[in-house]
Amino acid sequence: MQTNYNAKIQKAVEQLVAMQLDGSLYHCNQDGEPNPSIEELREIISLCRTILFPGFFGDNSSVNTTTLPYHVGVNMERLFVKLSGQLYAGMCFDSDNNLSSAERKCAAKDMASCFIEKLPEIRGILTTDVDAIFCGDPAAKNSGEIILSYPGIKAIVNYRIAHCLLTLGANILIPRIITEMAHSETGIDIHPGATIGERFAIDHGTGIVVGETCIIGNNVKLYQGVTLGAKSFPTDENNNPIKGIPRHPILEDNVVVYAGATILGRVTIGKDSVIGGNTWVTHDVAAGSVVTI
Amino acid sequence: MQTNYNAKIQKAVEQLVAMQLDGSLYHCNQDGEPNPSIEELREIISLCRTILFPGFFGDNSSVNTTTLPYHVGVNMERLFVKLSGQLYAGMCFDSDNNLSSAERKCAAKDMASCFIEKLPEIRGILTTDVDAIFCGDPAAKNSGEIILSYPGIKAIVNYRIAHCLLTLGANILIPRIITEMAHSETGIDIHPGATIGERFAIDHGTGIVVGETCIIGNNVKLYQGVTLGAKSFPTDENNNPIKGIPRHPILEDNVVVYAGATILGRVTIGKDSVIGGNTWVTHDVAAGSVVTI
Amino acid sequence: MQTNYNAKIQKAVEQLVAMQLDGSLYHCNQDGEPNPSIEELREIISLCRTILFPGFFGDNSSVNTTTLPYHVGVNMERLFVKLSGQLYAGMCFDSDNNLSSAERKCAAKDMASCFIEKLPEIRGILTTDVDAIFCGDPAAKNSGEIILSYPGIKAIVNYRIAHCLLTLGANILIPRIITEMAHSETGIDIHPGATIGERFAIDHGTGIVVGETCIIGNNVKLYQGVTLGAKSFPTDENNNPIKGIPRHPILEDNVVVYAGATILGRVTIGKDSVIGGNTWVTHDVAAGSVVTI
Amino acid sequence: MQTNYNAKIQKAVEQLVAMQLDGSLYHCNQDGEPNPSIEELREIISLCRTILFPGFFGDNSSVNTTTLPYHVGVNMERLFVKLSGQLYAGMCFDSDNNLSSAERKCAAKDMASCFIEKLPEIRGILTTDVDAIFCGDPAAKNSGEIILSYPGIKAIVNYRIAHCLLTLGANILIPRIITEMAHSETGIDIHPGATIGERFAIDHGTGIVVGETCIIGNNVKLYQGVTLGAKSFPTDENNNPIKGIPRHPILEDNVVVYAGATILGRVTIGKDSVIGGNTWVTHDVAAGSVVTI
Amino acid sequence: MQTNYNAKIQKAVEQLVAMQLDGSLYHCNQDGEPNPSIEELREIISLCRTILFPGFFGDNSSVNTTTLPYHVGVNMERLFVKLSGQLYAGMCFDSDNNLSSAERKCAAKDMASCFIEKLPEIRGILTTDVDAIFCGDPAAKNSGEIILSYPGIKAIVNYRIAHCLLTLGANILIPRIITEMAHSETGIDIHPGATIGERFAIDHGTGIVVGETCIIGNNVKLYQGVTLGAKSFPTDENNNPIKGIPRHPILEDNVVVYAGATILGRVTIGKDSVIGGNTWVTHDVAAGSVVTI
Amino acid sequence: MQTNYNAKIQKAVEQLVAMQLDGSLYHCNQDGEPNPSIEELREIISLCRTILFPGFFGDNSSVNTTTLPYHVGVNMERLFVKLSGQLYAGMCFDSDNNLSSAERKCAAKDMASCFIEKLPEIRGILTTDVDAIFCGDPAAKNSGEIILSYPGIKAIVNYRIAHCLLTLGANILIPRIITEMAHSETGIDIHPGATIGERFAIDHGTGIVVGETCIIGNNVKLYQGVTLGAKSFPTDENNNPIKGIPRHPILEDNVVVYAGATILGRVTIGKDSVIGGNTWVTHDVAAGSVVTI
């Protein structure tokens, strides 16, 4: 009986190994090179949150004025080590990359240290995001509540980290996993390639989609179920989509988009406009407009 | 080279410490007071599920008639200890609170023991919710399937716990984190401040939003993507939203709201009404109405 | 004081034990039979992903041509053991089942070994799904990005596993928990009972609902917020819904359904049709149609 | 280069597999039967300590008069499940055993439940051991210090558990692993086959050896480095040692053996005798004797 | 059958609860007061080792000149929190202690901070111990080998920490558990009450016993199996040993004691003496003596 | 008050950092090079045990004829990765080593693969050790009992692994930590530099010391408390011990040494000799002698 099970197992192993050695969807690590690790990236995000919002996240030690530099320092060094590792792992997935293993490791460390240089700037802009959410939600009692429990701010933190890494030249895989983590946790799907200004507010957020080539100004607010998507995309002679063409909306400063609205294509929503709930917008909207269903 | 990385790390640490000591978005724990812990709250919810639905959750020991009281007893005591701790942590975030540390601890224990007193009542009402879901879904084979795999019941369990804690006077932070956990897990966002009757059924659920001041009667059913939101909110002289004003819908008994419907503002949906999918409702609806797109 | 807390705890324990012994919503394990375990099922899915996409998931060891069979072999055996265990646990929830404990265990092992036999076939069809997503998304840079970060492929993997188990006769509880895990992680809710062809593509995905009796052809693509649901369901003389009646849509080959569309009831969307965003469809659609708002 | 490593790994794998399939020192589990697990046995001992000395070991919950029965009950049930499992695993190593898998499982459960029946008796005798240690050590401040930090009591607890299991018919493997755990932790090596009376005291203890067929009366005290060993053992025609022959000392009531003393062979140390430090004793000693170097 | 097991479990629970409520060997925590935790104390020792020997222990981050203060700072704060907790737990076992819970907590924090003040001094003396071991062992290749792998230095570190805590007034339970941990790990049993000078060297160490009232000068070396014990102890009118009387040897500066030697009673071994292996010494030895078997 | 604690912490941090930067006993990792990790080495030993004695150790999967190669293969690859890492970490502690980081990594991999080549040979000799122990102990019921519970075999496994690594050129730190792990677990202290033949048996074992330059023939048996040590060692002009001089005993084939015997210096115990318990031997012993106290 057991023999029978073993035979089935053995046969399935052989078939799968054969399929994989045929090359389809099999990633062959070279000489012990690491894979991107979702656990490591999760811890990287957790370290960033702890560094950016000290006293809110992290272990239960009593962070205070004396001990704050110790904690930020240790977390920063750990971030440097882990982020270097994941950026290196990302490079190993990049088949066009001709660097040696040592050169890649060095490039990954450079990139991680540049990211760390940018952290104060990221913190500055996140402060404006938290304030924008607080000012726009009568249910919010204080900024601690927003930092600890609002899905919008979680999605924005991951987006700002991922966007910064992409800008610094990271393989798309790492930023994409980071924003997808937030998507999974919050239902808010922001592509790391999008460009988003200060005071960005999201309420509830489930179902929001912000596409790769979106450009969003300052002081914009999105409600749940909003799609900023592409209408269609050109394909090449092999019928494959052409990558990298601007195809998502531009939202200028102070735009508000209510729940369930869908804005598609490279259209511009002029500043101070209000796009009503459940609307369907596929053309430019002049500044100061109010669009309703 | 390494020195160079160290210099960048050191500079970023100094900048961030300086920003934080300036006071913005920095929570300074007093003398070792704890932070709310998402892990602890996750375990509190897990203990509640194990207590409320014995034999479905929890470790793989054989719960039976003899051993049930042992298990419920140990879980209850653990719940008391952990919940007291988190309620105390929540109070420490409340800047208006003038109690001493010992007084807060005592208040937290009182509150936790009152919550425990309410657990049989919560179990009673959850029994009606499970039954309502079962009766409304042809795909459901038995109540075990609902308890173990339906997102709707997970969201309702967290809401009923969070609402009870809020009613008992807990700092909003703790109930908000609890409902946000369910939001993250299920895509269903119910504010702990909402009031919801018996036999509350949710199907699929992703994208549902139930606002802070909603009042929902008995035997109400919501499908995925339903928003029970606010239309707008008054602001004070500083342009800050005024907190606590009733601004979300009232749904009377036996109302059904189909997928994607949006109901906004302090409107009343009269009993036995049916609100169709993708509708947009911003005014009162008489009892027994059927609203379609 | 403490005595007071103890009294409350003791009273709540007694009340809850009494309620549960009354039989409502209490699952009484017989003689140490196991419960379905969400942790075990999570690990089963993780093992399947590691087996199906080697070199992408799993620990950081260097999988290569020499070591691949070792890894697939060990993971396959572990999968066999864990899956047998969960299928057995599922059977223990099946009150109609008259088999002895030993017969159930044997049946569970048979079923698990049949599932393992099907894994190469599942891998084959998943290869077509990954390709379909890649061809349909200009933002996707390579198939590694899709496998590691696209929510759509996660939901499809869980669905294909769950559907296969259901077809092999598993208690619905196990497949349902598996698809619900993907629902929780991705916001995409596909019932394991649905039938779905090759080259199935999902973009973004949050809010998608695919009902129990759906039939989906080859090369179909769904965007976020699409509902393939039931319009209504007949009830029996006791007003309980009648289980198992076909009540969800049929989508023929090459259909595309854009974001937010709702298709309800046993309707057929003819092949090559395009269903536009936010549309509401409750009747048959001829092949080659374009339906817009 | 990597290929070279892979070749070495592959060759070593093949050689080792070949050696093992030749049968030498290879334990072939039948059809998924479990191995004895040192982790499980460690937890079994930990559960026993928690049950036998409540309020000293175990998690940090506040055990009190109200909650004590809950804790003892849950721990007892867990002990029953885990101990049944390990006793069953032990039986699977017993090649002479002709029982079916189901019969072994049943026998293991019977044995575990008999062990549980004996726990109050074991607790009673351990109380006398703690008292004997306290009375004999001027450095001991209270019984809590002995229970929490004295290696002697740890070794005695494991011995009394292991001896009880052996008496109940457990495969020697399980009791031996249990006493070896204590040996590793404390340097005190008591064979589970030895017979030891009440009020057994050990001071410091490192290096103590108590052989398989020792018989020790009540109120005996051993210091560190004491050996109660065998002088020689008869061999059979194949020059293999004959198993089970009485070959270790008998110590009557109230004997004290000081540090480093060695007593070898089936000799009797008469009651109330004192064996001095570093002595070498290989013959009977009359009651009331004092033996010095 | 199962019922039968349950009956046995239930009966044993009842018997054990009854025995424990009778008060014997039952520690009743008051109102949630914590127990000493061996895991916490293990981590406290681990933190001390990391602080005292930076770059040798602790996680794999790259400690360097820039990051050293961050690491020491975070570890020190964690040490303060954990040690305060355990010292407080120790006080709760002290039945003579009349302080309130808040007073005890405060006293524990004071004591922990005084211990931290002493850490640089402890590090200074440990530096002399490492050097003494290195100078006395031809097999030692460098001080890193001693710090990372010599049991002697582990036992000395735990002793010096435990002795310091005892001097600061900690309940004996905490220091005793700390030295017993080292005893378990190394076979070296040094009572925290002993007084030991600088440059203390231990080689191999298994079986060493250093009693509560020993006084050891500078530059003393002990080999494995050495006992510095008590010869006998006076008892009071109830035949209980009288606690706290000096009853262990005094070893003056530069004494060497070879393997297996036993020195008993309040005797003085004069400076520069050598005590040979396996000797038995129960009287004073003049300075500069050589004692052999 | 808290400020006061902070001041003490801050001062101690500064003092310790200053002491460490002075260079004494501070290991400064260069550019992220790893430390030897006791956890990793523990897992390396555990992997070796699982590979060498399949079916006895390792997880509870059912190892059988079909699945054995998968398990050995995966464990071997994991062993290669982890052992390479630790050998590299050991090299980083070697201050005389002038290799670049990449050269060290490569050397570590070479060494690890050579170790793997030797594993079948190590398994062969361990088979003789297990048999020797079985033949010499009437209490042993079967070889499984020896493999799973005898401290002697644990110490011998670690010694044989450590000795092989030392022979292959590993930095002494790694082999020393490996034998010290066994010393801690069993009280048996065998230096990795010793040379030991086949059929090496240890009974009980606590307190055994086998020095760095010992040479032990085939079929030798040691009882607990046996020391094979150095008598004295020459020092250089600075009074430092001269490293590496042969100074420990030679035991020829078939020698038995009973409990507590001490053999010191570069003496030869001729073949077939028996050294009695508690003896003290510092001169050569002719073949076939019997030495008693």
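Each chain carries a letter (A, B, C, D, E and F) given by its place in the written order, and its residues are counted from 1.
The rule is short, and it goes like this: a contact is a pair of C-beta atoms (placed from the backbone, for glycine too) under 8 Å apart; a residue touches a chain by one contact, two chains touch by 3 or more.
From a predicted model like this one, the values you see are computed outputs, not experimental measurements.
Here C-D and B-D are compared, and the pair linked by more C-beta contacts is B-D.
Of all residue numbers that take part in the contact between subunit A and subunit F, over half occur on both sides, making this a same-residue interface.
Centroid analysis (C-alpha atoms only) places A farthest from subunit D.
Averaged Cα coordinates give subunit E a centre that lies 26 Å from the centre of subunit F. Centroids built from CA atoms put subunit F at 51 Å from subunit C.
Touching of two or more other chains is recorded for residues 1-2, 9-10, 13, 31-32, 62, 64-65, 67, 69-70, 72-73, 76-77, 81, 187, 206-207, 225, 260, 278 of subunit D. Within the complex formed with subunit E, the residues of subunit F that make contact are 1, 4-5, 8-17, 19-21, 24-29, 31-37, 93, 95, 172-173, 176-177, 180, 183-184, 187, 189, 191, 193, 206-207, 209, 211-212, 225, 227, 229-230, 233, 239-245, 247, 260, 262, 264, 278, 280. Looking at the complex, you find that subunit D touches subunit C at residues 2, 6-7, 9-10, 13, 32, 62, 64-67, 70, 81, 102. Against subunit B, the residues of subunit D that register as touching in their complex are 61-62, 67, 69-74, 76-78, 81.
Contact residues of subunit E toward subunit F in the complex are 51-58, 60, 62-65, 68-69, 72-73, 76-77, 80, 106, 109, 113-114, 116-117, 119-120, 123-124, 126-127, 130, 135-139, 141-145, 147-151, 185-187, 204, 206-207, 224-225, 259-260, 277-278, 293.
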